[in-house]
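What follows is subunit A paired twice: with subunit B in the first complex and subunit C in the second.
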Partner chain A sequence: MIDLTDLEKDTITELINIGVGRAAASLSEMVDQPVELSVPSIDFIARFSDAGLIAAPNEVVSAVKQSFDGPFQGDALLVFPEKRSLELVRRLLKVDVPLDSLTDLEQEALMEVGNIILNACLGSIANVLGSPINCAMPEFRKCETRNLLPEETGTAAQKAPPVLMILHVQFNLRQDDIDGYVLFVMDLVSIQTMKELVRKFIEQTLQ
Partner chain B sequence: MSHSPTPSTTDTICHDLLDIADHGLVVLGEDRLICFWNKWMETHSGHRATDVLGKRMSEIFPEIIHGRLCDAMRDCSQFGMPAVISPSLNQSILPLRPQSQFAATFGHMQQSIRVQPLSGTNGKFRCALTVRDVTLSVQRDMLLRRQAAEMAELVTQTRRSEGRTRAILQNTVDAILVASDDGDIDPLNARAQELCGPQGDPEISNIIRFLLPDAAGTVLQKPSPDRLLTDLGAGVIEIMARPAHGPAIPLEVAISHFSDDGRYHYIITLRDISQRKRHEMEIQHTMQELERSNSELEQFAYAASHDLQEPLRMVSSYTQLLSRRYQGKLDETADEFIHYAVDGTRRMQRMIDDLLTLSRVGRHGKPFHPVPLEKLFDAIEANLKRAGEAPAGTILRSPDLPVVKGDASQLLLLFQNLVSNALKYSEPGHAEIRIAAHEDDQNWRISVTDNGIGIDPQYHISIFEVFKRLHGYGEYAGTGIGLAICKKIVDRHGGTIEVESQPGCGSTFHVSLPKELPIVIPSESM
Partner chain C sequence: MPHTRSVLLVDDSKFARLLVRAFIEGNFPGWQVDEAEEADKAQSLAAQTQYDYFVIDFNMPGMNGIELGTVLRKAYPAARIALLTANIQQEIQKTVAALGIDFLAKPPTQEKITAYFKAQESQA
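Showing the complex of A and B:
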């Protein structure tokens, strides 16, 4: 179904890493401390339940979602287990007195972090592939992992199920790693379009 | 206002609405020049729309160049990327004036900004900035954190203090339990667990319940005397614990109480008194031994002195007979021998008499009554005058001699001995004996002072011992028992006797007698 060659996969990984590199630089400047970001792996899967992310379906996660539209369309989500998201925000904001749950301001900060990373990923893909992508404003969601993509369990059999591109994102802050992941939820047509664009990009680069 | 309005009514309404919005609204054209600036922005930035239209944001606010807002505006214009700019990650993005009530705390307004693309042409985007004032939220957040920090500090302190209290409680040697008014008894520390737990003596809980006043209004059976060691009401409660293993443990029980949540609670402290009990037993045993041995000695002294009188009387009678019949009929040496024999028996008679008196102080004591010392000394003077020992005017008494409590005949013996001694060791014809009394809170102190030969301080204690004489018999008559009798009488009255003297400077004997009778009269024996 998703027959990407290794070269195509590497290219996408590279593009994404360029994006998150930029995002890390922005974040470092904003919070005045070194922030490192890396995307060590990318996986394509057909079903969310195959992702291994759902090992703890009842785990509460914080997610920042941005829908995008253009040559290919879908949703991009930055997801952290709730505890890790609290930790991330508090490390970024250098909070001395942590409260039990995310405050409004902390939630907005997390939304900005998600916005920067997702913009960077999408922007860098759009930029390199030469096709602009329209992005919606980010939204914040807090839910259990199993409810992250409710439409997957839907009965719309006639509609092709979405394909997931999963990026494992690793934050390194003050010598501690905070792991999260970015989900790109696209339909098959979109993924084929993206594959096509990537193929063209590789051809142009190799010429 | 901002831009050149179109004649359309809808447009006018839209512009008016944007102007009265409670947010800052700024629109940048495709060329990233400001093309809309609402009233809110005018108010809070201090820049009128007419002054900023057609300029770049960085011209109006030079401090934002290279900042997050500039990057976001660029990404939005070029790629249509929206942005959220939060107040926490970006301090005072635009230098806007805070509302007056926040001016003291915040130099600039705290803002939350959204940068959103608006459709444009040629792949370029217009850019809309929405600025919200969130200073109140930031202030509330700061307050919340400060309170949380104070709370956390309080919790830490409370935990530390609780930990310390628990450690003290756990490591207390005594067992501590708490009982509520419904009769539940909880051991509070390790020792209490040990004593009342299954390995200890579960019966203790029942004994404690019995000891508590009005334990749940139920009638409880009185523990057996081998468990409840003391009578209730005696002040100190002692019980006996019989643990499953090991020897029985005597415990002293202390009960106090406190109120909490409108309920009454008792704190029960159990102290292991095994060692004290052991010591008490030892002391009791020793006391019994001592009493027995004293009693035997007294018996012996009495029997000896009493039984010795009979043969002595025989010797005395016959030597006196010898003296009367053969005085001057034999030679001078025989007369001398007979004289010594007669004198010796007389002295021995006096010693035996004194020994009998001494042993009788303990054995034949009379109950204590008020004794007026004035009358007592009248009697002593009369006795001494009769014996020719005290010429008139030698005994000078203070006018305020008190009434003391004691055995009248023994007190007579005591002071007569002291006065008699005073006369004996003073120069005849110049003797002057003074009797005085002083009082403090608890005692009468009666002093007998003479102007006699005095006593070397090294003998001030030993003179009160039996048969202790400082002078030869020839110099001063006496058996060496008089002061021992005095001491014994004073002891029986719970008082003290001491001497103050220097050789050649006279002596003062001080007798202290308690005003109230002591609970335990120390010596009923020898």
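Showing the complex of A and C:
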């Protein structure tokens, strides 16, 4: 399916590490507390439901999706359990806001968090590989975990190559017990392109 | 006695505008802070008020922050313009620098926003 050498896989993991490190620093600045990150794991899967990420498929999550394109393209998603998202918004606001406006602001605030975190990830990768990546406007949705990537079911799935690269990064705000994860979803063509860029990057670096 | 300044915040995120406004108003009492959620509104506000500062997001519907910054740079050469963006790519930073626009990485924080305006004011 996808033929990555250990070194290529390691390099991609390292690139993501640099990106999420930057993202964690941004999130930590926003919430004024340390943010713990797990080491990203890379999975190649045919269906989202195979990702092994979904402990509770019916859990409602708040998700910010940002599509990106450039040398390779795909979607980046930032996902929080819904029940924690208001708490996160309260954490993010450094100014007093009445509770009713807090709910109004929830979506706005989470989109902005998504925008900052996903850009930090993608931007760091783009900077290392030296290829600009364009990010579309962030989109917000609330849905059950199993419906996060609806395009893989039904007719769209027949058109798209049935391979997803899932880069799974878990983060945790220990003080507030808020956790979430970041997913990158790319199709086969994009994965091959990224693999090629990574191969060249390794070659240049080792010269 | 510091001068009273006027600032136009251009960002499609209400949340981002709310934070930056709070940081400016908390540290620079008396400054006028206006908001626009996209480039068209920003340009029509700029035609009515002579702003000292523009703080512009990059990723917006319609014109992006660099396109808007380029237009504003030409129209208002005396104004200070900063791109406040989550897009930290070197490509963007280089483009912005070449246009004479300052670069501020999101997230906006009290310290970052205050330090930026203080530095500008001390040069003025």
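For the reader, a short list of remarks on this structure follows.
Operating definition for what follows: the second predicted complex is superposed on the first by the 168 of 207 C-alpha atoms of A that agree within 3 Å, B and C clash if a C-alpha of one lies under 4 Å from a C-alpha of the other, contacts with A are read in each partner's own complex, and residues count from 1 in each chain.
As a convention for this text, a residue touches a chain if its C-beta (ideal position, glycine included) is under 8 Å from a C-beta of that chain, and two chains touch if they have at least 3 such contacts.
Keep in mind that this is a model prediction, so the values were computed, not measured.
Within the superposed three-chain arrangement, the count of touched residues of subunit A is higher for B, of the candidates subunit B and subunit C.
In the superposition on chain A, A:119 makes contact with both subunit B and subunit C.
In the superposed model, A:127 lies in contact with both subunit B and subunit C.
Applying the stated contact rule after C-alpha superposition, one finds that A:103 touches subunit B and leaves subunit C untouched.
By the touch criterion defined above, A:147 reaches neither subunit B nor subunit C. Of the two partner chains, both subunit B and subunit C are touched by A:111. In the superposed model, A:5 lies in contact with neither subunit B nor subunit C. By the touch criterion stated above, A:33 is placed in contact with neither subunit B nor subunit C.
Judged by the document's definition of touching, subunit A residues 26, 29-30, 92-93, 95, 97, 105, 108-109, 111-112, 115-116, 119, 123, 126-127, 132-133, 135, 137-138 lie at the interface with subunit B and also at the interface with subunit C.
Against subunit A, the residues of subunit C that register as touching in their complex are 12-16, 18-19, 22-23, 59-61, 85-91, 106-107, 109-110.
Against subunit A, in their complex, subunit B makes its touches with residues 68, 71, 75, 79-90, 112, 114, 116-117, 123, 134, 137-138, 141, 144-146, 148-149, 152. Touching subunit B in their complex are the following residues of subunit A: 26, 29-31, 66, 89, 92-93, 95-97, 99, 103-106, 108-109, 111-113, 115-116, 119, 122-123, 126-127, 132-138. Residues 22, 26, 29-30, 92-95, 97, 105, 108-109, 111-112, 115-116, 118-120, 123-124, 126-127, 132-133, 135, 137-138 of subunit A are the ones touching subunit C in the complex.
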